[in-house]
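Here come two complexes built around subunit A, the first alongside subunit B, the second alongside subunit C.
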Partner chain A sequence: MVSRWMVISLVILYGFLLGPFIIIFMASFGANANLAFPPQGFTLDWFANVFETSQFIDSFWISLQLALLSTIVSLIMGIPVAYALVRFDFAASGLVETVFSAPILVPGLVIGFAMLNFFVLLGDMHVMTGLFIGHTAILFPYSVRVISASLRNLDPYVEDAAVSLGANRLRGFLLVVLPNMQAGIAAAFVLGFITSFNNVPVSLFLSGPGVTTLPVSMLSYLEYYFDPTIAALSTLLVIFTVVLVQTAERLLGLSQFV
Partner chain B sequence: MPHLEIHDLTVSYEKNQPTLERFNLDVEQGELLSLLGPSGCGKTTTLRSVAGFIRPDSGRIVINGRDYTYLPPNQRDIGLVFQSYALFPHLTVFHNVAFGLRMRRIPKKEIHERVANALEMVGLEAFADRRPAQLSGGQQQRVALARATVIEPQVLLLDEPLSNLDAKLRVDMRQEIRRLQQQLGITTLYVTHDQVEAMSISDRVVVMNQGKIEQIGTPERIFAAPETVFVADFMGFDNHFSAAVVSVRDSKLTVNWGGAPIELTWRSKVGSPRPGARAEIFFRADNASLSAGPAASGLAGQVILHTFHGNEVRYLVATEIGEFSIMQDSASERFEPGAAVTVQPRAQKWIAIFEETEP
Partner chain C sequence: MIRRPNQTRTIILLVSPAFIFVLVFFVLPLIFLLSQSVLPEDGGFTLTGYVDFFQSRVSRIVYLRTLKLGLIVTGICVLMSYPAAFVLARMPARRRSFLMSLVILPLMTNAVARTFAWLIILGRRGMVNQTLLSLDLVENPVRFIFTETAIVLGLTQLFLPLMVLPLVSAMENIPADVLEAARSLGANRLTTFIRIVVPLSSDGLVLGATLVFTGSVTAFVTPAILGGSRLLLMSTLLRQKAVILFDQHAAAVVAVVMILTTLAVNLLLRLLRVRQV
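== the complex of A and B ==
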C-alpha cells in the first residue's frame, strides 16, 4: 500500500534534491546584482555575462578538451583490460580488479594532492599534461567497470562460434564482441565525460596559471563576486548535462549499465 | 576409411593429469556418434579438440584423410553447436546464419539462396529478420543448427545441444536434429550426459569415463549388454550384486540365487572368470518377479516399500544379499510392506560382468 507517509517522505526527498536547482534557476534571471531569492525583476544579463567572461569561456574549452581526451584515452585503455578481466581467469584477476577500483575509493582530494606532489617530483610538466594524466587516471576504473558489466552479459561462446565459422580471433572480436560492447562503451563514455567535466578536487590541485577547468574557475569567481552569473552558468551546465544524458539514454538504454 | 579418425589423443590441462589419455575413435561418413558420460569424463574435451580449440599433448586428428591436428580452428570447416546456442545477439537470424558464408567470401546471391534453404530446413524461414532475443530457446537452437550446417562442414559437432530446453521440447528437437543430420548425411559427434538422448539419436554410442572409452557400440548393444560395471550403472540397471562364480562354460557362468543355480552370459574386458572368482550381476527392475511367501526355489525377501507408477508397481525388497527394486504389473497380486515374498529371476536378460584382475 502506498501510504501517506511514503508520499510525504518522497516529496521531502525530492524537495531537497530539486529545491536548490529551482532556486538557482530562478535566481539566474533576477535583476539584483547580488544572488538573492526570491529574485526581483527579470533579466538575461547574467547569461550574457557568462559569455562575456573570458575566464569561463577559456576554462569551458579546457574542460571540454580535457573531458573528451581523457575519456577517450581511458576507454582505449579500459576496453582491453575489461576484456581480459572478464574472459580470462588468471590468478591475480581479483587483485587487478581491486587495484583498478582504487581511484574510486580514494578521496579525490588525496589523489589530486598526491599527483601534484608526484608531478612536481617529475619536474617541468605542462599543466594540461598533468590534468590529462590525472583525469585519465580517475576515469579509467569507471571505464573498466562499466565495460566489464556489458561484457559479462555476452555469452563467452559467441567468439568460439565465430571462429568455428571461419573468422580468425581478431575478426571474431571485431565482428562479434565489439558490436555487443557498443552500449557499454557508450555508457562508459557518457559517465566518464561527466565525471571529468564536473571534477573539482583533482583539477583544483593540478590546475595552473592560465590553465583552469570550468568548475575550478567557477569556484575562484565565487571568491570575488557574488552575482547571479554563477547561477546562470550553473543553469546552463545543468541543461547541458541533462541533454547529454537524455540523448545517451534515448539512443542506448544507458540505465541498464549504471 | 573412416571420415573422422582420432588417434592416441592425449590432452591434459594440468601436468600428469590427462583428461584424455591415448584416446582412439573412428567415425564413419554420415554417422551420428554420441559421446556419453558424466561431467568430467572428457567428452567435451574430445569435441573441443576436434574443433581445434584445444591443442592436444600428443595424438592425431584426421578428417577425410587430412591431418587436422595443428590446423587453426577457423580453417577447419567444422560446424559447432553449443549448449548456450551462442548466437550473435546483435545480428538478425539471417545474418547469424550467413556469418560463416560471409567469412568464406561466397557471392551475395549464393549466400541468400543457401541461408534461405538452411532456414527452410529448420522451419524458420519466417523469422529471418528477427533478433535471437526475440526467439524461444528451441527456435534459437534451430538457428544455431542452421548456422552450423549451412557452411556444409566436414563434421558437425554438438555439445549438449538440448540441455537448456524443457523436457518435451527436448524430445521434439532431438528428432529434428536426427532428421536434419540424416537428410544432410553429415558426419556428427554428439556430446551428452543423458543416456536416453544418446540412445534415441545415435548410430553408435561411446560411453566414456575418466578420459577413457568404457564401451562403444550400437544403442541396442550398449543398452542390453554392458561390458563394464560403469556402463551397467550408467545404463540404468536398477539392481546389482556380487556373487561367487560356481562354474564357467564358454560364454556362460553359473551363480547361486537363493540356493538354486542360474546361468548367465558373462562379459569382461580383462579376462575370463574362473570358478570361485566374483562376478558383478546386474538386472533391471522388470527382469524379476515376486511371488507370495516362501517358495521351493528363488530368493526369500521382505517388502520394504512400494510405489505406484500407473501400469506398474515398484517394490523395494530386502534379501540376505541386498535390497532389490522389482517392477510388477499393477494388475497382479499386491504386496504390502512387511510381506514375505520370493524373488524369481527372469535371467535371460541378466548380465554378469567380470572385472577382477588376476592377482
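== the complex of A and C ==
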C-alpha cells in the first residue's frame, strides 16, 4: 500500500519542516554579515555577539523565571481540577472543561492586549505580574488536559484501597495518586515550560520598559538589525529544545500527550 | 467513581482556586475588551466601531486577506500531510516515534527563530534569489519578502505539525484488514486511499484544519516579519491600531472580530465532527 509517491511525500514534508533549521544552522556560522546565501567562511562571532548583547541575556532570565513560575502555578492549581474532572461525576463538569479550554480558543495576541488594557493601563499593575498572569492562564488548558490523561490511566481502586486501609482522602492523594502521576506531571511541566518560554503573542503587549521576554526581544532586534546573530541565538535555542524534548521523550514518551 | 455525601464541597474546593483565577484574570479582561469596543471613551453604547471597521476599505481588505491566506495555508497543509501521515501511521512503532519527534521538534522552537529562516531563504541575497541569478533566470533580485507568498510559506512551516499529528493518530486507528479487504476487492491504491483512508481519518482532518486555520488567522510573528506594515493581517493591524495609532477603541474592535472569527470556525468545525460521528 505504501507507494513510491508516498515516500516522496514524506521526504517533502520533512524537507519543509526541517530545512529551515538547517539553513539557520549554516547561517549562524557564516562570516558575511548580510546573510547572503551560501554563507562564506566560518566564524563564531555571532555566538559571541549573542552573549554580549545584554538585551538577550536579560530577557533570557526573564523568560526562564516566567516559564518556571507560570508552569508551576498552573500545575498546582490545575492538578486539583484534573482530579475533580476525572474522579467525580458532576453536573457542572462540562462548564468547568469549557472554562479551562477557553484560553486556547482566544488568540494569544488578544489575550495580551486585553490584559494590558485592563490590568496595566487601568489597574496600574506591574508588567511582570501581567506577564505571569497571562502565561499562567494560557497554560491551564495544557496542564489540565495532560494531567487528566495521566489520571485516567490510573486505576481508581488503588486509591480506594489506600483509603480503606485507613488513610484519609488527602493522604491517599498525596501518598498514592501523586507518585503514580509523576510521568504525567513531568510531561505537563515540559510542555508548559516550552509553551511559555516560546510565547510571543501574549507577551508582546505585556512587555514593558526593561521587562521583555526572549522571543519578543528577538523580534524587536530584527526590526533594527539584519545579521546572523538571530541565527546563532536560534541555533542555541534549538539545541536547548532538542536536549529538553529528547530527554523528556526518552523518559516519558512525551508525544502521546501532545 | 467516588460517590460520597460531601462530594460537592470537595469538588468546589478542588476546582475553585483555578476557576476564580481564570474568571478574574482571563474572563474579566475580555469582558472589559468587549465593553471597550462598544463604549468609546467619550460617549455611550454604540456599534460605530464595528460599522467603521467593515466600511473601511483597508480593514476589509486586511480581514479578507487574513481569511484567504488562512484557507490557502490550511489547504497546503492538508495536501502535504495526508500522504505523509498515512506512511507514518503504517510504520513500525520505533521508527514512527523517532519520526514523530522530528515533527514535534519545530513546534517546540519559537516562531521568531522559525520565521527568520525564511528571511535567509527569500531575502534579496537569499537562497532563492542567488539560484535564480546564477541560472540567469532573472536579472535583478526578485522581492519575495513582504509578499503573500512569503507569509503563506512561513505559516505553512509553522503549522504543518498541527495537521500531521491529528492525522497520524486518526490513521493509526484504521485497521490494516480494512485496507487489505478493499485491495482484494479490486480497488487500486488511489481508490483505496480516497474511498477508505480519507473518510476514516476525517476526524483528524477536521481537528487539524481547525488548529491550522485558527492558528494562521491569529498568528502574529510570521506576518510581522514577512509582511510588515506593507502587508497587514488582522494581528498586525491590531498591533498597529493599538501601538502606533494609539486608537484603543478601534484596536478593541479588531480584537473582538478576531475572537469571533476563531470562535465561529471552532464551532462550525466542531459541528462537522459531531455530525460525522
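Keep this in mind: the second predicted complex is superposed on the first by the 255 of 258 C-alpha atoms of A that agree within 3 Å, B and C clash if a C-alpha of one lies under 4 Å from a C-alpha of the other, contacts with A are read in each partner's own complex, and residues count from 1 in each chain.
In this text, contacts are C-beta pairs under 8 Å (C-beta built on N, C-alpha and C of every residue); 3 or more make two chains touch, one makes a residue touch a chain.
Fair warning: this is a prediction, and the values are worked out from it, not measured in the lab.
Peer 1: Quick one: classify A:157 as touching subunit B (first), subunit C (second), both or neither.
Peer 2: In the superposition, A:157 contacts subunit B only.
Peer 1: Name the contact category of A:128: first (subunit B only), second (subunit C only), both, or neither.
Peer 2: The answer is neither, since A:128 touches no partner chain.
Peer 1: After the superposition on A, what does A:215 contact: first (subunit B), second (subunit C), both or neither?
Peer 2: Second partner only.
Peer 1: Where does A:166 make contact in the superposed view: on subunit B (first), on subunit C (second), on both, or on neither?
Peer 2: Only subunit B is touched by A:166; subunit C is not.
Peer 1: Which chain, subunit B or subunit C, ends up touching more residues of subunit A in the combined arrangement?
Peer 2: C
Peer 1: Could you look at A:68 and tell me whether it touches subunit B, subunit C, both or neither (first, second, both, neither)?
Peer 2: A:68 contacts neither subunit B nor subunit C.
Peer 1: Output check: A:57 vs subunit B and subunit C. Expected answer is one of first, second, both, neither. What do you get?
Peer 2: Once the two structures are laid over each other on A, A:57 reaches no partner at all.
Peer 1: Could you pull out which residues of subunit A sit against subunit B in one structure and against subunit C in the other?
Peer 2: 160, 169
Peer 1: In the complex of these two chains, what residues of subunit A are touching subunit B?
Peer 2: These residues of subunit A touch subunit B: 154-155, 157-158, 160-169, 171-172, 175-176, 179-180, 182.
Peer 1: What residues on subunit B touch subunit A, complex-wise?
Peer 2: 51, 53, 72-76, 78-80, 82, 84-90, 99-100, 103-104, 144, 147-148, 151
Peer 1: Provide the residue numbers of subunit A that touch subunit C in the complex, in ascending order.
Peer 2: 1-3, 5-7, 9-10, 12-14, 16-21, 23-24, 27, 34-38, 77-78, 80-81, 83-84, 87-90, 96, 99-100, 102-103, 105-111, 113-115, 117-119, 122, 133-134, 136-137, 140, 144, 156, 160, 169, 194, 197-198, 200-201, 204-205, 214-215, 218-219, 222, 226, 230-231, 233-234, 237-238, 241-242, 244-246, 249, 253-255, 258
Peer 1: Residues of subunit C touching subunit A in their complex?
Peer 2: 1-3, 7-8, 10-11, 13-15, 17-19, 21-23, 25-30, 32-33, 36, 80-81, 83-84, 86-88, 90, 97, 99-114, 116-121, 123, 125-127, 130, 156-157, 160-161, 164-165, 179, 183, 189, 192, 214, 218-221, 224-225, 235, 238-239, 242, 248, 251-252, 255, 258-259, 262-263, 266
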